[in-house]
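Note that the chains take the letters A, B, C, D and E in the order they are written out, and that residue 1 is the start of every chain.
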Amino acid sequence: MPTYENAKMIIDALERLEIESENVGRRPDKRSGRKGRSLPALEAIRNCKGKVGVVDTTFSNIDTASIAIKEIKRLANKVTIRRYTVPGLRDVPVACKLLIERERCGIVLATGMVSRKGVEKQVENEAMQGIISVQLLTNRHVITAFFDESEAKDKAKLYNIVVDRVRKHAQNALKLLALPESLTDYAGLGLRQGQRDVGRLRM
Amino acid sequence: MPTYENAKMIIDALERLEIESENVGRRPDKRSGRKGRSLPALEAIRNCKGKVGVVDTTFSNIDTASIAIKEIKRLANKVTIRRYTVPGLRDVPVACKLLIERERCGIVLATGMVSRKGVEKQVENEAMQGIISVQLLTNRHVITAFFDESEAKDKAKLYNIVVDRVRKHAQNALKLLALPESLTDYAGLGLRQGQRDVGRLRM
Amino acid sequence: MPTYENAKMIIDALERLEIESENVGRRPDKRSGRKGRSLPALEAIRNCKGKVGVVDTTFSNIDTASIAIKEIKRLANKVTIRRYTVPGLRDVPVACKLLIERERCGIVLATGMVSRKGVEKQVENEAMQGIISVQLLTNRHVITAFFDESEAKDKAKLYNIVVDRVRKHAQNALKLLALPESLTDYAGLGLRQGQRDVGRLRM
Amino acid sequence: MPTYENAKMIIDALERLEIESENVGRRPDKRSGRKGRSLPALEAIRNCKGKVGVVDTTFSNIDTASIAIKEIKRLANKVTIRRYTVPGLRDVPVACKLLIERERCGIVLATGMVSRKGVEKQVENEAMQGIISVQLLTNRHVITAFFDESEAKDKAKLYNIVVDRVRKHAQNALKLLALPESLTDYAGLGLRQGQRDVGRLRM
Amino acid sequence: MPTYENAKMIIDALERLEIESENVGRRPDKRSGRKGRSLPALEAIRNCKGKVGVVDTTFSNIDTASIAIKEIKRLANKVTIRRYTVPGLRDVPVACKLLIERERCGIVLATGMVSRKGVEKQVENEAMQGIISVQLLTNRHVITAFFDESEAKDKAKLYNIVVDRVRKHAQNALKLLALPESLTDYAGLGLRQGQRDVGRLRM
């Protein structure tokens, strides 16, 4: 059926253009000449009916979960979202586990803030080790999008870093949920969340 | 029944006023214009018949558990409280686990003191990793309210920090026990325990 | 029976006097005016027929287990003691687990020495994390009484620190074994092992 | 059958020459006078029908998995390769576990990049602890070939380090998969991945 | 039977003299006046039919496993030895677990080298935490004899340190395997592996 196929191609092309600026469907490697790789991932995300957990904290001074939820809804309006807010980073691991085991989330995006004081590096470490344990106990990914107040002195810059990181990691979570193998198209490309990608080192 | 409803509204309003100064029912976000969000949490806490564990230590030079128990009783006179005192921070994790597994506590508030000497940072880290493991093994929250002698040189100031932190975390524990989703009203608000909240960063 | 009761009261009083100097039956809080709190714990310890494990190392240059065993026998002549000597701190965790699982010890007192070299801090950390895991796997307390050569330059002073710490932690272990709730009488009193108690901070 | 045997010996000898320059079949110890030790390992690798998992990240700025896969295919064209790309190092442990448990990989080669910023040392530590847990939970080896941007200032040099490390660790993985005891021939030889071997210290 | 008993006593006495210089049968405490304590351990080791695992690495520049195996054979010619060589320290934990679970080793001696670069401290820590986990998962001891290039600048001295440490820990492993309680004779004696014992601190 040419009509349907044409329409789909056009829609896909348009969508790709729009989406590319947001990283989801970015062509992974311009020099490789491969094209259209992004479409299967995009479509899989669009059709995905899985459940995504989003964890955030009352400690954070940015509403990270809302940023994440907005991005998830923009790309994947068939997924179900479960949000869980806890006091601080140390409460995040068990919240992730509860979202996976009780709410049956297929993947969790854990967001949170690491404060400027020295001890918070330790807190992040404790939370991360707990989150890795959660993943090993449940065989599910928990993607972390933490930020540190000291990443930027300027508040507006900090906010933009957080938005960029949370959105890109929301995209990562959707890719892993909808089409796990799709991240291989972006392998070794020096992708960064919260800053510009560094690109691939070639010899 | 208007009488009952009116009475309840008035009581709620009064209670909210009183409680707001203590953070439990604080309106989460003044600029959002949302009102009365605190009432469901307050009422859920007031009606909650769960069991709360409180762990403290003989090492601490402040009687943190008594502060916690007083706050819990003030807000939730139907909950049962189980207290467990151990020598020091390193004995806290298994005490939390015993309160959850043997005493069937739905949540535990772990309090304790980190002393000024360098090695105590390490002790706190060991205790926290154990506490995170307890949470993952039991699927229950353990809220920690630790303090460090070095947080304030002035003893009165230190005492006030501890009271503020223990009370606010007792409130967090009650919210998570009675109405877990209620913390979302406070998400990303930069809440602090033991110091003033920092507020939300907006753009 | 007045005779028996009187005799018991007198014996208890005498014992309390004697014991108080050794911390076990110390009145927890002189200003509180509570009296005789120590007796139930003392009696429970005296009548306890449980099994206590004591772990020590060949690395240590003080015979910590003998100090511990002497103290346990002084206070609790009905308990059974199982001693397990291992090469160093890193061998301690599994020794504790074996004493609990194979020898059915109700509690374990782990003693050992942390040497002066920088890396030994790391060794202590590894041992402590293992010991916390043992506790979580067995639901039993393992009380640690480690010492560090650098705590005192003077050898006699170091020895006294170790004796004080090991004895007090042996007492803690007996209390937790015989009457777990008894430590609440000492909560928040700033108790120290190996040095003078710091007392409670009051406001 | 002399023909077959002779042919096999010649092929093996030629292959050994070729392979020796690539480390796989390197004679472990020239001074020991032992010969031909490499052949069983080489042949076992060549005939191995096992499954090898390769994990890499989008964070890395070098396509490490492609280097690994090329090396595996060069030496072991009967093995099946499963590749899994995740965002960053912290997502690697569960990916390894999924490759072992869902894809039934007999061994996994985990590759990834540790960036120059201070915090990345911590990230590597978190990932490594998770990877060690994966190994203990699955009784399978996960060989890690991570690199750090700061290992060489010159990009070409860094690239060569990474190629050398990934290839040698791919060889290690194949040896452990095909003939686990074969690494004993290389024991205590000061082998390095990403730099020149240091050799054995003899007395 | 006097003949047998006499012969045995003489052999034991001679053996003790010879062995004492090698630490295994060393009288634990000269001042205590206890005699002959070493014989039961020696005999138990000599008659032990258990299985000892030895783990080493290709990273190390000293052939530690050969030193260990030679010492084990010297003292315990009835034990079975299983050797497992892995690339580096991070591969050691699962190798220990496989030796215990698949090869049914009653104890494992894990040897390896920690290199001079700063990051290797972290690697040792990761390996040790894994090894402690192995012990807790299997209820078996894993005795570690690691060395660090920076322990001695002189290569001959470093080699001697390693030989001393590996042999003494091989002896520790044999004692724990053949007669676990025998280490109590050496408790608190300040024993060192790789350097001179420091002796007991007495008051």
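In this section, a residue touches a chain if its C-beta (ideal position, glycine included) is under 8 Å from a C-beta of that chain, and two chains touch if they have at least 3 such contacts.
Model, not experiment: these values are computed from the prediction.
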Task: Report, in degrees rounded to the nearest 5, the angle of the rotation taking subunit B onto subunit D when the C-alpha atoms are fitted.
output: 145
Query: For subunit B and subunit E, what's the span in angstrom between their mean Cα positions?
result: 49
Message: With centres defined as the mean C-alpha position, give me the subunit D-subunit E separation in Å.
response: 30
Message: Can you list every residue of subunit E that touches 2 or more other chains, as numbers and ranges?
response: 125, 129, 133
Field: Neighbour-by-neighbour ring order, given that subunit C leads and subunit E comes next
entry: C, E, D, A, B
Residue ranges of subunit A touching subunit D (in the complex, touch as defined): 121, 124-125, 128-129, 131-133, 135-136, 139-141, 143-144, 169, 172, 176, 180-181, 183-184, 186-193, 198-201, 203
Task: Sort out for me which residues of subunit D touch subunit A in the complex.
output: 56-66, 83-87, 90-91, 93-94, 97-98, 101-102, 119, 122-123, 125-127, 129-130, 133-134, 137, 155-156, 158-160
